[in-house]
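Here is the structure we will look at, set down as structure tokens.
Chain lettering (A, B, C and D) follows the sequence in which the chains are written, and residue indices restart at 1 in each chain.
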Amino acid sequence: MNLKRTLRVETLLVALLVSVTTLVLMQILLNLHLAGHSLGDEILHINAASTQSANAVTSVVTYFRGLDTLGEVSILFLSIFGVALHMPRGSKNLFSYHNTLLYIGVSILFPLMLLFGVYVILHGHLSPGGGFQGGVIIAGAFLLRFLTYGDHYELKERVVSLSESLSGAGFIVLGLLGLLVGDRIFTQILPLGTLGELLSGGVIELIYIFVGLKVSAEISLLAEHFVKAHNV
Amino acid sequence: MFDSLHPLITMISLAIFGVALLGVLVKKNLFKIFLAFSVAESALFLFFIGNHYTPGLKAPIAADGITRFDPAFMVDPLPQAMILTTIVIGIAVSALGLSMVIRYYKLTGHMRIDKMDELGEEQ
Amino acid sequence: MLHFEATLLGHLFFGLSLLVIVALLRKNDGLWHLLLLGSLGIIFYASSLVTLFIGWEMMGWSGYFILSKTARVSTLQRYILFNLGGAFALLGAIALLFSFMGSMMLCDIDLTLLPVWALHSVSALVLIAVFVKSGIIGAHDWVVDSYQEASPLFSAVLSAILSKAGIYLFIVLLLKQPHDERVLFELMAWLGAITSVVATFKAISQDEIKRLLAYSSIAQLGYIITALSLMQAYALEAALYHTVIHTLVKLLLFVNVAAIMAITGKERFSELGGLLYRVPLLFVLLVIGIIALAGMPLLGGFNGKFLLYTALLEEKRALLLATVMFSSASAFLYCYKLVYGIYLGQRPHDESPLHVSPKSYYIPQLLSAALLILLGFLPALPTPLFSAIGVEAGFSALEFTKPSILNSPFGSFNGAVLMSAFGVVFVLILGLLQRVHSKAKAAQNAQDISYCGEVPKAGVNLHFGYGMGHELGRIGFIAFILRRQSRRFWDYLNLIVGDLSILLRSLYALGTQHILLLSLLGFTLLLLGGL
Amino acid sequence: MSLLLFILLPLLAIFLMPFYRAYLHYVSTVLSMALFGLALTCKAALPLVERVAVDLPLAITFELSSVSWLLVTLFTLSMSLFSLYHLRFSSNKALFVGTNMLLVGVIGLVLSRDIFNIYIFFEISSISAYLLTSLNQDAKAYGGAIRYMIIGAFASLFFLLSIMLIYLTIGVLDLQMIAQRFNLIDEQVQYLILLSLFIALGIKTELFGLNFWVPDVYQASRSAVSGLFSAMLSKSYLFLLFHLAYLLHVSTSQMAFLTLVAALTFAVAEFSALKSRETKRIFAFSTLGQIGLIALALSYGDTALTEAALFLIIVHALAKLMLFLALDLLERRLGSTKSEIFARFESLFLMAVFTVGALSLLGIPPFAGFAAKLSLLKGLAGLEAYGAMALILTVSLIEAAYLFRLLSGFRQGEQKMVVTLSPLERLIFGVMMFALLLLGLMPQPLLALCQEAAQAMLGGYHAAL
């Protein structure tokens, strides 16, 4: 194997530079003194009282730092919109071969995955998971259908874009309601309920349902555009 | 061997970060560059979450028996939330990037970063 | 931002610019000329440095847009870059002055408070603006090209009034210098003198009329710069007097040339000649202008030079006086070329039809000729105004007895007596020539020079008016001047800056990965450096 | 009334987009004008501090200091002018989403005082910029967008690294609290955090050494979009870079380094514009030059100079947006943006627009650029920074050379295409030209606002020195 062709001089130089950078970073970061008392401990102390949600991460994601999630959902929307813009939906599906075993398997699995996805969304504040994770599971279910149902299967454009926009708008309206009812954006306007119950966590659950709806719609749209990008 | 896992995790994650940076700087195929970027991001996530984790602490979720949220035996939830958000942002950027690369490939027939010469003075 | 205050100096300069612009106002580009007049007004009546600068720049770019109607792009670029160069130097000086004086008002400016280095840098920066605007040698390329390529009437405005803005700036900002720090102005005096010598010889060797007049105005401004740099009461009066005279003369000459160009459509000496009998009035007006331009004792032109010579004598600057006299004497050569090339000699062969020049060209010429004759009769007419300005600027008042007697440190002369004596002698000789003329034999055609025993072939043009400057090149000293081209220096500079820009621009054509590599390299070096 | 409306209203408009697909350009105009009005009304109650959901230390604080107010008003004004200009053309989904997201990202960058939230808006503004760059959907647009994404991803890596280090070593995310505890952590990590922040924000602020990608991106995107980039995007990152620098008490030697980098940005950018033949690249170099100038003024940390810098930010944003919108007009009619298109169109109004824009960029009276340049030079002379003054004055000559070479195109060329402007376009350009002239002749009211903003921005920095 010709050494010169595979190890060009430029690669070696860049490798040298990168390794120097990494070693210097390592030298600084190895003896890193972590902060004694961090924001997380603060949250853990007041989580039970202020949100009654069993999953502290969810309460951080939706309540304490709800604006970050809103920003992140809009970033997701922006990039899915970009993908849809740059790769319009073709008609031919990349995986349009017909396999009855897969067909039967998926038609059994599809409803189960949907159910599990919804479960994960709804129990975001009780157990690990939440809007994003549940949404992606639902999108996974749709991806499976794309893999097996071939060309004629496509998402109904109206339903997907409607659910996407309404859930996004719902999320924001919830925040604005916080301003009207409470004294600031994204406050707790719904009753907190008791820890561990399904209807606990006040506004957290509703936010995560909106996020779940939006993520599932968008990621399945993403899957469809990539799968049908064949002859665009 | 180590009093805690943090030095080990830092070394591994920075090594992955270095390799990913190398991939970004050397690889000519646009797809590989975008994949290298997501590898670099995951290396940073590993470094961040790794340094927050100390063995024996549980997830900050009040389930199966734990009712009180106490930092003594629960992990700090904030980095998890931050990383959750950054992962989704990472997906969003790479999805948009890859869709543009595909469209660019359809328009120009090549995906090599050193052959992108549409812009510049002579055009 | 705009603060105004009427000063005598302002009235003088604005009066001159009003005279020039109104006399030359045409209907099609009236808007720009009014904008130019407005900016001149802002300059001459500004009471704060910022207002002065605003007027200065607006004059620059309004002139640019008038010039851009007729000039080539390279001349426009040269015009705007030189003017902006001077203006930005002025802006630097203003910012510097403000940081020391604390206020922008002209009345608060007192140069003696500045530390020596600040005084020198402020004066140097303001001098750059003055030199660029008055086209001192080295910064004069834009002057010659712009005057030639401007429309005939606008080149009159350019030469008559815009070049004086630099003079006004010097008087307003730099005249009150502390006595012991004068080394910069020694240089300025010599620069003015050298400019006038070089420009005079360049003027003589020009073939286009407007280029000759451009070099001539550079030379005349050289005298004014030398006069100003002496910083003495009579020298200031000489400068102001010469400014007034130069404005009137250049207005007359440029409009005269414009009339000639309107009549013949030509603008080179080699294509002109023998127009005396076609347009005698233009000839007479041009002769008046020439006499004033050359500084001969008769008309107003001599008064400015007389004051300048006496001021130089009083300041005991003998060598400078010799240079100025030498250039003023040799100036007569291009004055004669101007008259001879256009009006005397014989008509060129192509006999293209002659049009009639528009009547409105005569008004400014008659106006300025009348003023020049008036200043000939009453040389000390403006002296009270000049002495008041001198007092305003902190100099001693000038002695003034009668409007017809112009006094100077070394004696005075009575203009009225001089002019009337010359008038009588002129009439006598004219009458004598008129009687002799009746017996003279009219030459059949241009080739009839039988009295010198030679019969030239048909095609030879004996009218050597245009070739007048050629043999000058054989004289070593003058050949050295004519060969030196400051344009080559500026073009070379332009070349270097162009190459540097192309080199730097290649930085922006780097590949993406190279850009990332550079950033990472920068990050690592700074990291290692900072540890 | 809350600060968050600046962010939630555009997002709501974007999410509800499917309901008014055909009227997007109207919605965008009404929205940006409403936000502009909102920004004007809350001038009285400055500084507004607002916390989301909970109280400190957990909350994300938003602050509308007088500097942020100035910038938010500028951004909403440029957005209104941009969407007014686009009223004539049909409603474009991608343009609507991209520009409004950019507005959200940019306003978020200026208002947010929480490091992770700033990262979210960092990403929002970057991704909407990538989307806007690829709007033309041709090989050139995608080439530019992909290059922009790769470099933007590289920048966000470093930004992410610095946030993680901050949280690991200090444990808080609010800028104020970070600033209080910043010098408790050990020296090297402090330096690493500052350095990675500098690299990330340096790329986005387009400082020298990190801005070699900018002309390509400006050339790839539409002129109107480049106008938005130069009016809003780079300005918000400039504010962020120096806000963090003043907040984290960067040492004077590091500030001197920033001054050097800024001076290099200004000089190199203006020099490389001299011989360029592509108008969008020329305007891109001019934007880089002006950013270098603004960064130079900000890096001294002096109130008078910061006031001049803020005034220059506003004046440059207006002038550059006007120039790019006029260029967009030409690009749509003549198809190309080579610099000889200036000799191929015939419209007195458009010539006046380009002339006023170029003269204001150059800092020539009586336009607004002059007032900015004068206060800048006065500030520099006050600090006895004579080297910087000399640099600005000489390099402005280079700037004059290429700008006037563009303008001289009007006089050349024979068969010229007559360009007619609609009354709305005449109104927009007329208002902007009048604003530039008004700011040039009467800059005092705006200068006073900038002075107040400069004091607010530097208050902490001076207290600590």
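Criterion: a residue touches a chain if its C-beta (ideal position, glycine included) is under 8 Å from a C-beta of that chain, and two chains touch if they have at least 3 such contacts.
Predicted model, so just to flag it, every value in this text is computed and none were measured.
Chain-level centrality, scored on Cα centres against the all-protein Cα centre, points to D. Compared on C-beta pairs in contact, C-D and B-C come out with C-D as the pair having more.
Subunit C and subunit D have centres, each the mean of its CA atoms, that are 46 Å apart. Chain centres here are Cα means. That of subunit B falls 71 Å from that of subunit C. Between the CA-based centres of subunit A and subunit C the separation comes to 77 Å, rounded to the whole angstrom. Centre-to-centre separation between subunit A and subunit D, using Cα means, comes to 32 Å. Residue positions of subunit D touching 2 or more other chains, listed in rising order: 116, 120, 123, 127, 130-131, 134, 137, 142, 147, 150, 154, 167-168, 173, 188, 192, 215-216, 276, 281.
Under the contact definition stated at the top, the residues of subunit C that touch 2 or more other chains are 505, 512, 516-517, 520, 523, 527, 531.
In subunit B, the residues that touch at least two other chains are 21, 24-26, 47, 51-52, 78-79, 82, 85, 89, 92-93, 96, 100, 103, 113, 116, 120-121.
Chain contact topology: the protein chains form a complete graph, every chain touching every other one.
Taken in their complex, subunit D has these residues touching subunit B: 116, 119-120, 123, 127, 130-131, 134, 137-140, 142-147, 149-150, 153-154, 156-157, 160-161, 163-164, 167-168, 173, 215-216, 219-220, 276-278, 281. On the side of subunit D, the complex with subunit C involves touching residues 147, 150-151, 154, 158, 188, 191-192, 195-196, 198-199, 203, 209-210, 212-216, 268, 271-276, 281, 285, 355, 359, 362, 364-366, 370-371, 373-374, 377-378, 380-382, 384, 386, 389-390, 393-394, 396-398, 400-401, 404-405, 408, 410-412, 440-443.
Within the complex formed with subunit C, the subunit A residues making contact are 14, 17-18, 20-21, 24-25, 28. Residues 10-11, 14-15, 18-19, 21-22, 25-26, 29-30, 32, 34, 38-41, 43-45, 47-48, 54-57, 59-61, 65, 68-69, 71-72, 75-76, 78-80, 82-83, 86-87, 126-128, 132, 195-196, 222, 225-226, 229, 232 of subunit A touch subunit B in their complex.
Chain contact summary for the complex, subunit C toward subunit B: residues 505, 509, 511-513, 516-517, 520.
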